[in-house]
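Attaching a single structure in structure tokens format; questions to follow.
First chain written, first letter: the chains are A, B, C and D, and each begins at residue 1.
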Amino acid sequence: MPAADLLLVLVVLADFMVLGTSRLTTCIRAIALQGLMLGALPIALTQHWSLHIVGLAVGSTVVKSLVLPWFLRRAIREAAVRREVEPSIGFTLSLVLGIAAVAIAFGVSQRLPLPAGVSELLVPVALATVIMGFLTLTTRSKAVTQVVGYLMLENGIYLFGLTSTDRVPFLVEIGVLLDVFVAVFIMGIVVFHINREFDSLSSIRLTELRD
Amino acid sequence: MIAWTAIPALLLVLVVAPLLPGIATKTKSWLTGRRGPPVLQLYFDLGKLWRKRSTYSRTTTWMFRLAPLALLVTSVGAACLLPLDGRSALLGFRGDFIAFASLLAVGRFALVLAGLDTGSSFEGMGASRDATFATFAEPALFLGFVTLFLISGNLSLTGMLGVGAGLLSAWIGGGGHAAPALALITISLFLVLLAETSRVPVDDPATHLELTMIHEVIVLDHSGPDLACILYSSAVKLAVLGALVVGVLVPRTALPAPLTGLVFTGGLVLVAVAIGIVESVMARLRLSRVPQFLVAAAVLSTLGALLVLVR
Amino acid sequence: MTLFFLGLGLILAGGAFAWLLQRTRIADSVFALLVSLGCAAALIPAAGVLGGRTVAGVAWDLGPPTGIWAFDIDALSALFVAVVLGVGLAAVLYGISYLAPEREHRSVGGTHFLTALFLVAMALVVTARATIPFLIAWELMALSAYLLVVFEDEQREVRRAGLIYLAATHIGTLALVAMFALWGTHAGGFTFDAFSRSALPAGAGAAVLSLALLGFGFKAGLVPLHFWLPGAHAAAPSHISALMSGVMIKTGIYGLLRVISLIGGAPPWWSWTVLALGALSGVLGVLWALAQHDLKRLLAYHSIENIGIILLGVGTGALGIAYGRPALALLGFAGAVLHTANHAVFKSLLFMGAGTVFRATGTRAMDRLGGLARHMPLTWILFLIGSVAIVGLPPLNGFVSEWLVFLGMLQAGAALGPVRAAVLGAGVLALIGGLALACFAKVGGVVFLGEPRSESAAKGREAGPGYIAPMAALALACVAIGLLAPPAVRIALEVAATVAGAAGPARQDVIAPLTAAASGITVVSGGLVVLIGLAWAWRRMLERRRPSAWTETWACGYNGVAGRMQYTAASYAAPLLAAFARLSGIRVARAPGAFHTHPFDLVLERLVLPTWRRMAGTAEAIRPLQQGRLQTYLLYIVGVLLALLLYLWLGGAA
Amino acid sequence: MLLLALVLLPALGALGAYLHRAEARRTAWLVAVAAIHLALVTLVWTTPPPAVFSGWIAVDALGLIVLTLTSLLFFVAAIYTVGYLRRESPRGGRAFVSCVLAFLASVSLVALSHHFAVLWIALEASTLAVAPLIFHRRDRRSLEAVWKYLVISSVAIALALLGTFFLSTAQANSAGTPLLLEDLVADAARLHPAWLKAAFILLLVGYGTKMGLAPMHTWKPDTYGEAPSVVGALMAGALTSAAFLGLARINEVTTAAGISAFTRPLLLFFGLFSIVVAAAFVIGQTDVKRLLAYSSVEHMGLLAVGLGLGGVGAYGATLHIVTNGLTKGLLFLVLGNVILVAGTTQAGAMHGLAKRLPISGGLLLLGLFAVTGSPPSGVFISEFAILRAAFAEGHVWVGVVLLILLVVIFLGLATTILKIVHGTPERREPRESGWLVLGPIGLAAGVILLGIYIPAPLQSALRQAAAALGGVAP
């Protein structure tokens, strides 16, 4: 159990890293790190080993900490985009809101009746990650950061999914993983096109379509 | 439905009609200290016009020539629908008062079209005014009939004014507020008469300025027998509307037959005199005020109807 | 009913042939033949019902959700079928000639097909006995009419008029949809049979009646729901104007009558409302007509007026039921249905006349017309017959129905209680009659009499028999109904009896004396015709003895008359309009030496369009919601999520 | 096996299409696959196949309705695509056909899945299959559109995944296979209500976004505005219906669990709010495709309202899936024809369509009247049922608001579309290509047929589907 709790704390720290940094590469590194923790978590949480758990751990690790970060890095490599511009609410406020998110997550989890045998940290961390994913999505303007935010959101949900690993069949989890993989893959392609199409030094607004 | 007994009274009206404008003019002359034309002047005029030949404008069509005849037929037709002898009309049926008003309207429609047929803007002007004032006179006339219907409970003119109307008992305080209502509509009908027959204060038959005329200006182009028809029809119309006023004011069903004719003729003469008096004491209204005058008549009628309604 | 549907099928087939064969020479003849046959076939059962026979209704069960499709012809339906197909046939035949000159510019065959569809839809509207077929027929009618209105869609005005019409009719249809939905929910079924068997609770009944007034009121064009009507009628080709004005708007009246008969009467408040709306429509319709300079717009406003008169009848009849006076109900409804039929005949005639004038001169502006009587004598006589009829004068049909409406309102006065107040409506009807007379004197005088006011008016020549014959048929109908008042009145009363639900001796007590009284009308009208005829013969005889002289118009010393010097439509109407001040709906522009009046629709331009603009403004104001930033869009989702969680937290979780 | 074939056929077809290099062969392939798929669907109607994968993949009335609609629309779209690709040859045509087929596979899977996780996977897959199609034109605007679509849809679908997890948590104490629809419904009484409600909320937001319920509809105008018309037709007709199916599935569970009092007001609120938003944005809208997008928002709102009303409303909503799908397909394809000749989506730049392209012009007019619910279109019948439900279930105010909004939307749609249909055209076009009008004519015929008569098999399917959603047939 302590290993699992440690991993969960690291997940939250990775969230804060994304929120606090201005460098895109750091963002991607943070999400890769988070992916690594998520890959390790099924193993740390489980009481009885099975092929299901191992497969999930390997799959997650490969997709979330290796393939996707690599792909995102590639997507931004050609354009000289390295820095995120100031988020619309400022880095400090982002971090403060992140802390608030953690607090809310812990508060809410107190009230949720959970099935027995699940780490007490798991649900709050999942919720906090979801919220901070949303925070990233709604306050950052660079496309890459938004993909990172989406990944955080997915990671939070994945974490929640771990509460019911033993009830959700393996096939489903692989399907989910595959979908996320394809989603980010396509997003990456679009990010690549965005970076090529729009002047990379100007802040990317993408607000031509409107009423 | 058809009462042949009404024919003598009808003939009487048709004969006496041209006398009434003469009496009105004479009264007015006397009151203003002049001698005035003879009472029978209209008969002379009609006779003279009858012998002449007509002159037509090349602009006009058959409408222009039809109008005087239509006017004549409708005026006489309207007379057939009134119980002139105080008892029953030549032709009476449920809702005949609507036909009465409509017949007068047919004549007017033809006359207005004839005015426009000449293409002259003077006659167009007259047509416009005639149509305008007649429009406002219509509700007053109908509401008068409505009041009569409410009092008598009958839907034909014979029933409203003649046999079975019970106007006499109404006048002497029979049913509720019937007497004041009858008084109101008498006034209202008289005002309608003034307007429909183009007398002061709506129109001045004696005027000679085309821009101020109404009735006279429509018939500017009519001549000879056509004009005679028009003048005679106007006189008949005056007599018919006068007979209506007399019919309301003086119920004669209780009188013996010979006396009825006498009273009736006397009543018509009185109406003519009243017209003369009005003409001598009032000036012609401004044209834009005339609708108000007629609306006032309609208001009187409505008031009359309301008085009977709320019994 | 088989014959009826066969007839409708023939009409549709005629339309289809007109479309498919439009490049061939026989298209028109085939179309005319098939439509004539179809109308004749479908009219046979209707005539039978009016003659006292009964027709067995039909019903097909198509299963839910469209349910039972029932059709039937009772006396009310029969009268309207007669109106639809009788007038419709004349309009279609007229339309063949009327559209012939357009052949080079556009697909005339398509228009003929739509006209046939329009006719069939109207015939189905008045025979349908269940919700879904009724609404389908109703909408087919509305939409085919729309497509016909925008016949000349290259003109901006036409498109605008079409759009306004479409908007109005759609609102009306939705009101009816709501009405039927509500009614069916309470009645437990969607056939008219189910409606008539059920008793509505008071609240639902009030809602149904209000929605009926709204929905059918839009179609009928009563003030203030009339705003689509003048534009659409003016924009449509003339035979379509004739159909719309003469027949289509009457389906609104049909609807009201049908609803009354199904519910079994309406409460007093509703009847009074109808009566008041009738008075309002009548007076304002004719007043606004007087202000118009465009011949077809003028006629369109007269339709509003006549709808007002019809509604006075409907309101009186409804009052009769509401206050338990069957005689009153019979008279009111009889006036309404007879005037409906009459108006269909003479208004179609007038619109065709206007169309003939338009074809001859190329303009509908009255102030560019004049003097057409000389070169178009037949058109003029037919138009005059229409005019006399619409003004409600003897010896024509308009007089008969207005007589009935008058009698209805007076009959109210004979009763006791609050219903007596309806008698005052007679004054309003009289005013309407007076105004209508003034107005049609203007139309006839300005358009046909005097001197031409423009080159194009001078060029006008008499139209061919293809134009004249259908108009003559309608004119003949005007004369026939006018002179044969007793049978017309009897049929109207029988129809009214089906609406009022009156039966037995009570009904005969009313019908017999009234039919007798109507023979008085025949005497007056016949006498009028005969006497004027005699007077004319006598006068011409006299003229032969003393030949008349021909010269210029005297015109108080001016030398003759010139077209442009004549009194115009605007100046003719000015004193009357001045008396009504702002209500008259004209904008006056004065300049030294110039005086113009511009008529405009008070309701459309002061109420409807501003409301629409305000709505569009509001819509514009919330556009920034969709302002293009992805982050904001995501915030919406987060916001919704939080709000929902809060909802769960506060209320739902327990 | 038949059920698997319905999914695998287009999936393999997608791969196969990618291998074809010649465009003509690819489109022939597309039409062939579409036709076979449609034939298979017909087979499902005649001989209902057994469920596979222990009930995960099965066919029921509601799913069959969505499946048939999808297959039918797809077939029409495939025919249309033949004409479309002839006129406008896109870069990357290979990916186009493959993605379209992948879309068919995923939506078929949605319709057939009786397992919430499979449902989710399939819906997410359909989202992803569509994305490259939106980016078809490869310009800045379509780039922006696809980006917004991807992010919003992905976020929403992620929420739906969370909801699915919640659902499985709610099921912790009950028997049966986790997340299997039949088991959830059968043992609904023992679901944990709080978790179920939370799951419903998340699924409502998630699938609601995919449907395009306001205020989560924001991707719709951009996406529909930039996607090719064929794709628009498929998305507005089939994809939204599939997303609604997701919502309907959870609704089956909540109805069985007896928490309708909690879910129905939410459905009513989002339904009406969507219609309000659609009304506001339809007025004065000059871009025809965005106009259709808002119309789609409106109809999604109607579906939600029908579901939220229950009773006959559920029946109405089920029928509305079909009628709306056909109508949307018709409108998108016809407007596609317009855009092909006009070269723009701005209504101001097109006029005189009735004379320029008489068939398309007539169809557009018909589509306008159909989509606004004029009788005798099928949309009218379904809307009428929903309206009846409003009165019958005691939500009179819903009915009143609905009617007023329908008027406003009609005005907005009519103003813009009639501007296109009427007027004088700039030039006349040669005869219209049969490929481009055949499909829309078929759809129009279908829409009108449904307004008059509903065939017995469909009728009984609708009845069953309505019953599953806790409603009744009229």
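Simple rule for what comes next: a residue touches a chain if its C-beta (ideal position, glycine included) is under 8 Å from a C-beta of that chain, and two chains touch if they have at least 3 such contacts.
Small disclaimer: the values here were computed from a predicted structure and weren't measured.
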Tell me, please, which chain's centre (mean of its C-alpha atoms) is farthest from the centre of chain D?
B
When A-C and A-D are ranked by contacting C-beta pairs, first comes A-D
With centres defined as the mean C-alpha position, give me the chain A-chain C separation in Å.
69
Per the C-alpha means, the centres of chain A and chain D lie apart by a whole-Å value of 31
Approximate Å spacing (C-alpha centroids) for the pair chain B, chain D:
76
Would you kindly tell me how far, in whole Å, the mean C-alpha position of chain D lies from that of chain C?
42
Can you pull out the residues of chain A that are in contact with at least two other chains?
134, 137, 146, 206-209, 211
If I count partner chains per residue in chain B, which residues reach a count of at least 2?
none
Could you list which residues of chain D touch at least two other chains?
147-148, 151, 155, 159, 194, 221, 281
Every touching chain pair, please?
A-C, A-D, B-C, C-D
Chain D-facing residues of chain A, complex
112-115, 130, 134, 137, 143, 146, 150, 153-154, 157, 160-161, 163-164, 167-169, 172, 175-176, 179, 182-183, 186-187, 190, 193-194, 197-198, 206-209, 211
Chain C partner, complex, touching residues on chain A are 88, 134, 137-141, 146, 205-211
Going by the contact rule set out above, which residues of chain B touch chain C in the complex?
1-2, 52-61, 63, 65-66, 69-70, 72-74, 76-77, 81, 91-96, 98-99, 101-103, 105-106, 108-109, 112-113, 115-125, 127-129, 131-132, 134-139, 141-143, 145-146, 149-150, 153, 155, 210, 220-221, 224-225, 287-288, 291, 298, 301-302, 305-306, 309
Chain D - residues contacting chain C, complex
147-148, 151-152, 155-156, 159, 194, 197-198, 201-202, 204-205, 209, 215-216, 218-219, 221, 262, 266, 277, 279-281, 283-284, 315, 319, 352, 354-355, 365, 369, 372, 374-376, 380-381, 384-385, 387-388, 390-392, 399-400, 403, 406-408, 410-412, 414-415, 418-419, 421-424, 451-454, 456, 459, 473-474
Residues of chain C defined as touching chain B within the complex:
370-371, 373-374, 388, 391-394, 399, 402-403, 406-407, 410, 413-414, 420-421, 423-424, 426-431, 433-435, 437-438, 440-442, 444-446, 449-451, 513-514, 516-517, 519-521, 523-524, 527-528, 531-532, 535-536, 539, 542-543, 546-556, 558, 561, 563, 565-567, 571-576, 578-579
